[in-house]
Each structure stands twice: as structure tokens, then as C-alpha cells.
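Order of writing sets the labels: A, B and C. Residues in every chain begin at 1.
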Amino acid sequence: MSIKKQIAKRIAELIIILIILSFLTFLLMYLAPGDPAEKRLSSQGVAITKEVLEAEQERMGLLRPFMVRYGEWFTGILHGDWGVSFKDDLPVAPKLISGLKNTTILALSSLILSLIVSIPLGIASAVKKNSVLDHIVRLLSFIGNALPNFLISVLLMYFLCIVFNLFPVVADGSIQGLCLPALSLAIPMAGRFTRQIRTEIMEQLDQEYVTGLRTRGVSEKDILIHNVFHNASGHIFTIIALQIGTLMGGSVVIETIFRWPGIGKLVMDSINARDYPTIMGFVLIMGTIYVVINFISDVLYHVLDPRV
Amino acid sequence: MSDLLLKINGLSASYGDEDIIKDVSFGMLPGEIVCIVGESGSGKSTLVKAIHGMSDLQITGGNIVFEGTDLATLPSKVRRKLMGNGIGLIPQDPGASFNPIRKLDVQFKESLAGHDMPYDEDKIDKMLKTIGLADGKTVLKNRPFELSGGMNQRIAIAAAMMFEPRLLLCDEATSALDVTTAGAVVEELLKIRESNGTSILLVTHHLGIAKKMADNIGIMKNGRLIEYGSVDKIFESPENEYTRNLIRDVPRLKKKK
Amino acid sequence: MKKQKAKLRKRVIIAAVFAGILVLIAVFSGVLAPNDPYATNSELIRQAPSAQFLFGTDNLGRCVLSRVLIGARTTIASTFFLVAISFIIGMIVGMLCGFYGGIVDDILMRIADLMLAFPQMVVAIAVAGILGGGLGGAMIALGITMWTSFARLARSHTLSIKNEPYITAARLQGKNGLQIMMTHIMPNILEPVLINALTQIGTTMIGISGLSFLGLGVVAPQAEWGSMISEARAYIQIAPWAVLFPAAATVITIIVFNYLGDAVMEYRKAE
């Protein structure tokens, strides 16, 4: 099969997966316990009678058949209409977009931060296998990997904000406020990346071609950068793409802790308010991004290592 | 004795446990062809690895003197630069000696640039032709994984020869090739010696090839060099029982190259 | 090589001893706790660590040490339970798929693929959020995606042994599929799947305490490390011990179980 055909097939699969994702998301909200209409009325302080409740359910469109509601919701999404928030009647899409923007800033900075640390450390500890450096790097990455990010953020807050007074406690979207949340997300991720990159590089260094290049007098630097890292990069992209899922989950926690105005904080607020359209939008957006990123990383892998 | 190209003095080497080669000594003159013959496990490939020094083999005793310098005393960068045009290698599995997913011409350029040598496409093409690869220029635009095993082997052999090394190590390089190609490679090795005065250290289990090429032959068994001498001496008056057995077992393939 | 193996075995034993101690602490936490973990006392709020309260007290005057100990039971028990349930479901699904193949295999594996196509923690947060908190909800939320790794592993191991002579012999003896799976396949694929379970404990613990931290796991006042940290971080300036002790407990437990998982994996690789 030609590459183009394969990509076309994968894109078709991708679309089917996304449709299933949207269906499951909707189903989940449909099956959810608790009545949003009731929640909404009680939060507005309205005395709930049967008539009032039914009228509100009617108004919110909760009484029509499941498939009709799903169809409407889905076609709406295709047209950019993600529904109206149960909480404040504002359209969901702009909220999600502005949250997504902030989350992207946070996620990208933590991703870059962790890669800046873990790529050199992973390579160095693979090259100097069993050296003191390798042992230290392995210990640090092992500990980093074992730290839940909520814990890191609480500890960072305590030591950097309170004990040493270096950072503001609340991250209101400023650059300074970005530091701690990004660091909290980056630390466990750097631990995982370092471990995985070290393994990848070691595997490449064991390949016969490395000896072959050495006996042809190619310098160790050229071997490492242009051959070993080059060959490992396909795998490294896959590793990164798979971490995006953990990063998304982590950003919900971190944004809530630091009040970073991202999509993760938005979804926690929405969960507390039973604001289903916003939660659905969140799951759909995150799922789509994850699926698309993994698709891209697959294609990239194929480009970088055409043997597969 | 100072005009020796390579002098190996009481060399022992191991991978951490037991010594795989023990107390091996011999010397090579410029332009000389030496064949080391032995069965698998005799340590003959390990000897080659010890000389090129690019694997994780550890030298546990003795030394290797190349052009008057003890190789162990060289800084690693200088040592590395010696590889290719000082000491070249045709490995046991030459096809696996290239990065499988980078274009061959890029890899050729990379290794040549390390020695400040120009990338001469025509020369490489000619080299490839002599060992049976027509259309070398197109072939080099490929990545090794796209080519057959046989093609990769020939390219790697050409790559080793391209540097015109002063000492060329061949580790069973012909064993994986078909008889015709192996013959062509042997011919080509002899021609290189003729034109450049290259010394060749060839490791093989095939006494026939040794007889055809070598000036001197060494016999290895259980990590030791048990006999060393000129081709005539080894074949006419072998001292060792083991050598006699080896000679008796040489298949009679007189007609073949 | 032998030396290397003996060293690896020693690592496994040490890690297992530590893990065993943690499990024992969790089991006997009711006996070990010096005070009632739920007894509030308005006169003893935010007491610094002392002889009476080794880890101090929290915002409601509850003994932090006792809560950490009882919390060990909540965290470790729910983690083990979740891993065990995912393991059992995964084993059953994986063996059925691998042994029978066909359309059931196709459908179940497609579902597993689908589950893996979505980010696990995002799914977990959404599901736990919608189920409205509670430890059960959090476990369901994490379990939805967790069984798939066990199922895939069990399936691939089943496939690799299903045509072995002893399985064919059992078939020829007229044993039915269920008997063969229980007596011949399960014992042979148990080890790799169990090791996978072991390596999942740390991540699962992070997941459960993360959800609890968000308020999507255990419900107050039940003691659980994630929720204790979440509650106490509001007054961390005044009573840092109420955060630091459950935090240390979490980190130590995850490190011990991760280390055990790594050690067992390496030991098995060396075999």
C-alpha cells in the first residue's frame, strides 16, 4: 500500500474514532445522575415545584428523545455551536477556546521545559551508562516519576512561595504566574521522558551500525547527533505524543490549584456546577487533540523511520 | 624492527570475565598480507576487535603498536581519526555497518569529511563496479534498508577500500558472499595491496583463501596463536598437530578462485 | 551473570519487604492509630507535632498521624482493589479473545483500542465528575481504561501458547474450552500479567489520590492522602505538618511500589 493510501485510511479511521468519541461523550452526560434543571433552579434560589421543573427541563431541551438531542448537538458542533452553558446561559465555545489558549500556553511551556532537561540528561546517562552521572540521573528521574503533580505543586507552593517568598501564590495568567504551574507539570514528565529517552538511546547505541561508523572514523558527536538521536527520534515523538494524555489530566489538577484560567480549571468549575455542555465540550476537545496528535506522531514516525 | 606497520606484543583481551585472546604476538610489514585462520570460537574475530578498538572489548595485557605508536596511549579523538584511512575494517557483517535509515551518500560524505577527504562520486562508483555493483551512483541515493543484503555488503566493502587504509582488517568478510563475489573481493584486495601498498590482516576459517592471498599465516586455537609463519612453511612443514589437521581438511577446489 | 542475578533477587526481596510493611500498616492501621482519626476537637486545632500528636493536628483538631494511618488503608486498599478488578476482567477478556478468536475477539479488541485512543486521565476526570464523587465513582472512572492493558497482554500470551502440544493434547482428551483455559492457559500466562499488575500500582495510586485531591474521589470526612493534602493546603502556612506528612506517606508508598515493579521486571528480564 502506498503511503498516501495508508494516510488516507488512517484519516478515515480517525474520523470514525472522533464520531464515536462524540457519541460516547453525549451518552455519558445522558446517563449521568443528577438533574441539571433541578441543579440550575436550586442554584438560582427558585422554589422547585413539579411545574417549574418541567418547564425548565423543556426549556433546556432535556425532554426530547436521545438521538434527536445527540443529532442536534453534533450538527451544532460541526457549525461551531457547542451549546449553551447550563450555568450562565452563555455559549460554551468561546469559554472553551479562551481556556484552551491558556492551557496550550501552560502545556507547551511545561513540555518544552521537561524536554530541555530530559533530552540531554537521557542521552548523557545512556552514553555514560553505569557512571556516577547515570546513577544520579536515574535516581532523580525515578523520584520525579513517582511524584504526583498535585503534590509537587503543593510542595513548590509551600517552599517557593511561603518559605522563600519567591513567587506569587495565585497564577493569574501572567508570565511569573506561569512558572510554578509549568514546573509542577514538567517535573514528573521530565522524569518519565528521561527514563524513556535513556532506554531508546541505549538501544540505538547497541546497534551494529554504531561500531560500523566508529571504524570508519566518524566522530562520536556525529554518531550521537546525526545517527543515534536521528534514529531514535521517531520513538521519542511517540513517547511525547503518549504523554500528552497525562499532561491533559495533570493540567486539570494544576490549573485548579494555581487558578490558571485554562480549560482544566473551567472543567472543574463545570463539574461542580453540573454544567454538562461545557464538560462535553472539554472531553470532545481534549479527545480530539489527543487523537490527532497521536495520528501526527504516527505519520512522523513513519517519515523518520521509513522501515515501519 | 621499527619499520613494522603493526606490532602486537603479548596481547590479551576480555569482555570482563575470562580472557578470550591470550598472549598473542606477531608483526606486520607495510604491504604484507597476513591471514589468521581458526575455527569459530578460536578468538580470531576478537583479535580484529582488539586491533580496531571500537567495541567494548577490554585489553587486559600487552599492547598494539601501529606505525610506532602504542594505540592505547592515543587520545580517543586522535585514535578515532586513525580509523578509516589509517586502519580500515571490513566487518563480519558488512551490510549492518551503515545506519539503516540514512542515505548512503550522506553517510559516505560524513565519514570522508571526518578525514578531510573529498567525496569523489566517480571513484566510489568505479570501486562499486569492480566488486559487482553497476549503477553505483543511483544506489548511493538509497538508504541501506531499501537495498538487499548483498548490495549492502558490497557497498560496505567499497567504503572500507575507499579510504585506502594503510592497514585493512577483514573479519570473515567474504564468508557471507557468494563464491564469485568473494573471488572478486579477494582480487580487489590484492589489487589494492599492489597499487597502494596496503597491509591486509584477514581473519578467516577458510585455509584456501589464506593460501591464495597470504604472505604469512597465523593459526589460532582457544585464544592463542599456536603457529605463525610463511605460507610455504605452514603448508609444507607445519609444526603443530592442529595445523596439520586443518590443512588436511581443506576442500580441494583447485579450479575455483 | 549469576552474581548479577543474585543482586537483582536481593533488590526484589528488599522492595517486597518494604511493600509488605506498608500493606501490614494499612491492614492494622485501626490498631496502630494512636487516636480516633475522626474525632474533632476545637481546642486542639492545628497543633504542632508533639508527644501526644506525633504528626500534629489538622484544622479540625484531628490527629494527623491517625489519619495518615487510616488513609493508608483507604489509598492502598482501593488501589489494590482497582488493580485486582482490572486484572480479573482483563484476564478473562484476554483469554477469551485469544483462545476463541473470531468476532468476539474483533469486537472486544476494537473496544480496547478505542479506550486507548482517548487520554486516560481526561476520561477519568469527566466520568468521576459526572458520577458525582465518591471512591466508587473514581474507581469506575479509572477502571474504564485500565482493564485494556491487562486484556491485551493476556490475549497476546494466550495466542502465543494456544497451539502448544500440551494444549492440543488437552483438546484431544476432550476437555472443553473453559477447562483448558482454567487448567492450562491461566497458570502459564499468570506471571507476565501479574507483573504488569505490579507495575500499575504506582500509577493507579497517583490516579486515585489525584482524583481525591480534586474532590472527585473519597468524600469528607473519610481519610485519604490526596484529600487530606487538598484540605490542608489552604492553611499550609499555619500548619505545614498537616500537608507534609500525608505528602511524605504518598511519595514513600509510590516509590516503594514503583521500585518493586522495576525490580521484578529487571529480575525477570535477566532470566
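Everything that follows uses one rule, which is that a residue touches a chain if its C-beta (ideal position, glycine included) is under 8 Å from a C-beta of that chain, and two chains touch if they have at least 3 such contacts.
Quick caveat: nothing in here was measured; it's all calculated off a predicted structure.
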Number of steps on the shortest touching-chain route linking subunit B and subunit C: 2
Ranking chain pairs by how many C-beta pairs touch, which one is first? A-C
Distance between the centres, which are taken as Cα means, of subunit C and subunit B, whole angstrom: 56
Return the distance between the CA-based centres of subunit A and subunit C, expressed in whole Å. 22
Averaging C-alpha coordinates per chain, one finds the centres of subunit A and subunit B separated by a number of Å equal to 53
Per the touch rule above, subunit A residues touching subunit C in the complex are 17, 20-21, 25, 28-29, 32-34, 142-143, 145-151, 154-155, 157-158, 162, 244-246, 248-250, 252-253, 256-257, 267-268, 271-272, 279, 282-283, 286-287, 290-291, 294
Of subunit C, residues touching subunit A in the complex: 114, 117-127, 129-132, 202, 206, 209-210, 213-216, 226, 229-230, 233, 236-237, 240, 243-244, 247, 250-251, 254-255, 258-259, 262
Residues on subunit B engaged by subunit A in the complex (per definition of touch): 52, 54-55, 76-77, 80-85, 87-89, 91, 93, 96-102, 107, 110-111, 114-115, 143, 145, 156, 159-160, 163
Footprint of subunit B on subunit A - complex, ascending: 208-209, 211-220, 222, 226-227, 230-231, 304-307
